[in-house]
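Please find the structures below.
Look at the two complexes coming up: subunit A is in both, with subunit B in one and subunit C in the other.
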Partner chain A sequence: TPTPSAASGTPTPPSRRLLGSAFLQEFRNWETPWAMEAMHMVALEIRLLAEKADRELVMSGKNPDKLQAAGSFLMKVFGALAVKGPKRVGALYVTCQLFKIYFRLGTVNLCRSVIRSIETARNFDFEDFPVKDKVTYMYYTGRLEVFNENFLVADQKLTYALMHCNPQSESNLRKILKFLIPVKLSIGVLPRRTLLEKYNLLEYADIVTSLRRGDLRLLKQALDRHEDQLLKCGVYLVLEKLELQVYRRLVKKIHIIQREKEPSKAHQIKLEVLVKTLQWLGITMDVDEVECIMACLIYKNLIKGYFAHKSKVLVLSKQDPFPKLNGKPV
Partner chain B sequence: PPRSRHGAKLLNRAWTAATGRAIGAGATRAATPAAEDGGAGVKTAAAPPHNLLPPPPLPPRSSPATPRRSWAPVPTCARLRRERRGSGSGIWLCLSVCAATPCARPVPSPSRRTISSTGIQASDIRPLPVLRETMDYLWHLLNSSEYPFEIVHDFIFDRTRSVRQDLSIQNLVNDQAIGIYEDVIKFHILSHQRLARSCQDSDASSLCYLNTEQMMKCLLSLFDMYHTIHKINSQSNKEAEYYSFFVLLHMGCKIPKMANSLSFWYSQLPASIVRSKEMIFARTILRCYHLGNFKRFFCMIADEATELQLCLVEPFLNEVRARALMYLNHSGYKLQHHPLTHLSDILMIEELELEDLCRICGLEISRSGDTKAFAPKQTTFSLPTPLSKSSGIYISREIKR
Partner chain C sequence: MSMPQTGKKLEVDSSLKPAYVGVNMPKNDVNAAQDGHGAAIQGSFPVSLCTYVERNLSRCKDDAQRSATQSIMKEIITKATADGTLHTKNWDIEPLLALPENAKGTFMTSNAKDSSPFSFSTSRRSPSRRTKSRWEPVAEEKVTNNMEVVSKEPAKSNACTTWENTRRTVGNTWNLGNFVQSRQAPPSQWNQRPSKKQRIGGNTNLTKNGNASSDSDKEQDLTKYYASSIALTNSPEEKKRREHRSKRFERSQGASSKSMSSIPHKNGAANVYTRGAISMLNNRSNGDGASLAVEDIDWDALTIKGTCQEIEKRYLRLTSAPDPATVRPEDVLEKALHMVETSEKNYLYKCDQLKSIRQDLTVQRIQNELTVKVYETHARFALQAGDLSEYNQCQSQLTRLYGEGIAGCHLEFSAYNLLCVMLHSNNKRDLLSSMASLSKEARLDETVKHALAVHSAVSSGNYVMFFKLYKKAPGLNSCLMDLYVERMRFEAIKCMSKSYRPTVPVRYVTRVLGFTRVDVLCEANVADGLEECEEWLKAHGAVLTVDENSGELQIDTKVSSASLYMPEPDNAVSHGDASLAVDDFLARAS
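And now, the complex of A and B:
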């Protein structure tokens, strides 16, 4: 393995890539995939060395371009594997290496072309690929769906990754859950505290509690506290949209309390009561704002009923006023 | 539209006469031009009108350090100005020629070159001070009210693309270059507002789309420049505001350049930008929009938006209002009508405009004495596209102050 020059600290010339190119040239000529494991090793090492080289380039104030070059090389490797025949079974591994490079570089739009090749080309049958590669693939494509807020597809992919991941690999399970939990929250599925504690995902603990309680203040505090971390992961906007569900839960709690005090009028909630409740939670909102939000909750079928503008009353349906999400995002 | 074509033709003919360089009529502007806008396509010469002076002789080729000058001496310009004042084409001819005078304003045609064209001389490329002068001149032109805005927009649109092209060819990334880019974006934002106000037909809506597309490209290039200067510990003091424009544009229609999701985009930004006042404003506005909190949406815009942010969101406001009507119509009690006076306060729109908007959305307005209202649960409601662009928020911030 080439090592950086001890004197200058700069990376050596790309001898590894030249080696890789030479190997790829030969690999193309072999009809059977007997050297697939070696090809995968070359791909992995080129990526890891390129990451290390880029770190050193950044430290010495130079432009880090090794990982980008590694990506170009791996696309050629992918091209050599994405063919009819037994070699194609190795393509998903290289795809996952490419995903890692693109996510690291922030060029996730480049994932599109490889995903298209895997998912639509007739050369590939997804079930033929090794399980570990399928799990990694589903994890990264699931993350892309989270970015695009396609929650149902994200749920499918990340759940697949979770179910097929090695149960001994806690760090991988944690990585999957980090993105799966916000997706599940947006479709109304709440994780237990024990799960969050087991996988050290306590940044979601207060958010889950706020959903259970209808505590808007807690939600805002949790989002503020973990804002940087959640923004970096790309899940902040997903969690921000949970605000509507928290409002729904708050209205439901008021309805439950009213039902205990005066069952005949439980389905009528004065907007003033909501204003006072929010004030108690430290949130200043006037009746007009509350009316807007109630209109939105009703429109999005989080609440069944209507609001009477003149009387300033929210009238809930007597039957199932708070329909469940049933696995569908708001 | 005929007026626009007429104006463009006059401009092109004037330019040909003034500079001696041929430009074509009907230059096409592709919806997705190449990176950093290589030129405006193949141009053919237009014959100069017989009553214009012959083009001046070109001066000797200058060194790269000095800008190339191919203009008439000042006395000729002044004479032209006198001769042409009062004729319909005069102002454009005057401006074109004046633009070529040494006193100020080299504003060459964008057809000069493309990034891929061969034979570009160093003297063809305008250095930074000249580009700055050009931008200053174009700003001055922007406030000209003699011609319809579409014609002015067209002219400046092409010239600013040319300026950006010159910056790109020279790979200039410094405070001045960033300032120029910020000014170009400012132009696009003001155009975004004015085109939406003044234009209602399909030609104009394509102008709006192209303008938004260019604005987006310019923003993305500017963000790359910000990223570059951060490496040398430099920063523009307007960064946060310009980043906020990208967020606010997500209220409008999606254009291809916005392919990456907002979530991903945030994940790449430094925390100092995401937590800046301007970005928090933009993020909160977008959140209120998604939450349906239209009261807070409009109040925040009226109270906190900068002038440019206000210009940027203005064309989207009627769509937001229509969405508010949709929610209220769906969720309200049909026997308790919603007075338009109250609604006009919340949505910050004149009552008469609101009435028009209700009609466009298929809502019937009822009258009870002096009070106009709409009854919820009308099945005739539909969200129309495209909507007429609003004239903004009617509560003047000057009055509020």
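And now, the complex of A and C:
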């Protein structure tokens, strides 16, 4: 079995790959998966070495293509494992290595083919795979669903990963939560502050607060402050969409206040009141815009009711004007 | 000195002096010679030579002939100086040089170095046969700027009329490839004809051994300028240069045939260039026995340096290595760009010219601020014309060039890029990376801020904001938003139908969905906007009613919400490609 060597100076991925290819050849011939661990080790090493090599290439101004090459090699390995028989349980590990490569390279569309093989091929029974691989797999596929804005599916996958993740592994839990929280927010589930503190995800703290309070200004500030971070991990767009939920919360508050003052007329909210409220929050929006936002809220089922244009009044439904999102994303 | 007009005869003396300045003889002064003091000035020409020169030049009818004659005389004088016959030759009885149209005849007698006109003309033609490039005929035809004037008129008028015709029928389709190809035939046909005539002209000249051309007036123009260009190219320097150039092609041609198979076929000029380069590499490595690294190849020697002086040049896709005589150098390309920018012609013309400029830049590996300017100009025109594919090409090149640190309007174009990604692709990852890669400086730029605001509006479905931004869009942001307007309006109307009860006035919809023209105070504009809005609403299935009290047109939202739909685009054809529609084709062909 190849032992991991501490490569100093310029690593030599080509020779490593030769070694890997040679090993793969032999591996194919072996009946039993006795060398599975070794195979996995080869796969992992190839990826890590390739990453290192690419970094060095970039520093010397050359084109970093080693990771890509590693990806193609691993696809071959995957092919060797995607067969009937006991070898197939090792396939998920290689899949995850591939995911890591593709995410690093930004070519996530290449994940599709390998996902298809795992999920539709009859060779694989998902339950057979080792737990740690399943967790990793769900984590990455969950992230892909976030990109495609399929929040319900993303929720399922990431929650699965969360549930089955080793509770000792805090960094892994944190990674999962980093993506799970925005998803949950989109479907109206708010995390407790303690959770955020425990896993050091305080960049979400203000956002959660703004949702609770209906404070649009706070949301905008929070997004601005952490913009770079949020853009980098790709959740910025998801969080941006929370804007409508913040508006909704604001309208609900106004409704509650009106209900206390004058219950009979509580279900009618004048547009000018809304405009004034927003002004007070430091947001200048003209009447047309506020009206448009109200229309959007109704359209997306965040508010039940209608808008009377002539009288410029938002008329709320007498029953349950602010339906819970109930896991349905906006 | 005034610029010569076509066919006008100029005064001989006024143009003689500046035109005929020193020919290797340091103190040559034609002026002095003319005054008769020629012999007195040291090392100068004999008087008889000066008068010989004078006589030759006086026969020239225009600048072109003059310059042709001058260069020929330079050769003669140089030769005579070299073999010492300068002062001994009796220039008085030396036969006058034939005017360029008759150059072939006298060449045989006066200049021994020259090859015969027949071999000359065949050697001119064989390059074209050898390289088989479409450029050859064009090169023969247009070597000097002056000659353009004579021949361009017929060419231009041809070009213009066919352009206009095709433009009318092509409509919104940008099949420039087809368009350009269909026009290949005429120019080459036209080119063939004169070269044949040349031969005939040469024939008669030889037999007659005369000076006067026996061609008819109609052909005289063509042969005159072809002949003069041939005369120019017939000078020994030019011949040497030509030989050297063609040798270069020979080398690469010979080698490329065996390296062709190993090189993957990329497209256009890039392939041509790399083919030449790689065959050079093969050549050298064959000779040295050692293979060269990429850095060791002398890319500069392999780069073509253009010599063409055309400011206006059509785009022809390269099929082989380009002839430097058809490629324009940088300074000419600058002028060409300026010409396109200030041109009043339509987009198709500009697009064609710009593609040609781009090609010349690529072939000469010019990657500087001029290149950036060219791509920016083309991108802007493309946006205004709605040509997204051309815009995308330019945008990707610009991103690459900006990335290499070349200055340009990178902020403006990063805004366009943002808008393009957010409005035209559904790729969130691309959008995220575009937004993440914005610099601090970029986020403060007005155009970029506008683009980000548009993103915000689209993301929350805020149609009011969208159309507000549309109205006050800086730069060409509105052109990019244009392509999303229909979708946004449809979303808006769906939203309104669901949320407004009982009705919403059409006047309001007209205002917020950007149907009103800029000047809202003008009643006519408002009325136009209303009408357009009404039509649009009806086309999308909205049900309109008239309010009893005010008489104003309203949308009945409850009913409409069930009947809204997105209509088929106007020019939809069953097989999907409007440019292949039969009627369109017939209209174009006729």
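One rule holds in what follows: the second predicted complex is superposed on the first by the 318 of 330 C-alpha atoms of A that agree within 3 Å, B and C clash if a C-alpha of one lies under 4 Å from a C-alpha of the other, contacts with A are read in each partner's own complex, and residues count from 1 in each chain.
The working rule: a residue touches a chain if its C-beta (ideal position, glycine included) is under 8 Å from a C-beta of that chain, and two chains touch if they have at least 3 such contacts.
Quick caveat, the model's predicted, so the values are computed rather than measured.
K.L.:
With subunit A superposed, do subunit B and subunit C clash or fit?
P.N.:
Overlaying the two complexes on subunit A (C-alpha atoms) leaves subunit C and subunit B clashing.
K.L.:
Quick check on the superposed pair: does A:Asp65 touch subunit B, subunit C, both, or neither? Answer first, second, both or neither.
P.N.:
After superposition on chain A, A:Asp65 lies in contact with neither partner.
K.L.:
Pick one for A:Glu197: touches subunit B only (first), subunit C only (second), both, or neither.
P.N.:
neither
K.L.:
Is A:Ile298 touching the first partner subunit B, the second partner subunit C, both, or neither of them?
P.N.:
Touch status of A:Ile298: both partners.
K.L.:
Based on the superposed arrangement, let me know which partner A:Glu149 touches: subunit B (first), subunit C (second), both, or neither?
P.N.:
In the superposition, A:Glu149 touches subunit B and subunit C alike.
K.L.:
With both complexes superposed on chain A, which partner does A:Glu37 reach: first (subunit B), second (subunit C), both or neither?
P.N.:
neither
K.L.:
Quick check for you: in the superposed arrangement, does A:Ser311 touch first (subunit B), second (subunit C), both or neither?
P.N.:
first
K.L.:
If you lay the two complexes on top of each other, which residues of subunit A touch subunit B in one and subunit C in the other?
P.N.:
106, 108, 147-149, 228, 231-232, 234, 236-237, 240-241, 243-244, 288-289, 292-296, 298-299, 306-309, 315
K.L.:
If we count contacts the way the header does, which residues on subunit A are in touch with subunit C in the complex?
P.N.:
Residue positions touching the partner: 106, 108, 147-149, 228, 231-232, 234, 236-237, 240-241, 243-244, 288-289, 291-300, 306-309, 315.
K.L.:
Report the residues of subunit C in contact with subunit A in the complex, numbered from low to high.
P.N.:
Residue positions touching the partner: 428-429, 431-433, 435-436, 456, 459-465, 468, 494-496, 498-505, 508, 512.
K.L.:
For subunit B, which residues count as touching subunit A in their complex?
P.N.:
Residues 259-264, 266-269, 271, 274-275, 287, 290-296, 324, 326-328, 330-333, 336-338, 346, 376 of subunit B touch subunit A in their complex.
K.L.:
Note which residues of subunit A are touching subunit B in the complex, please.
P.N.:
106, 108-109, 146-149, 227-228, 231-238, 240-241, 243-244, 286, 288-289, 292-296, 298-299, 306-311, 315
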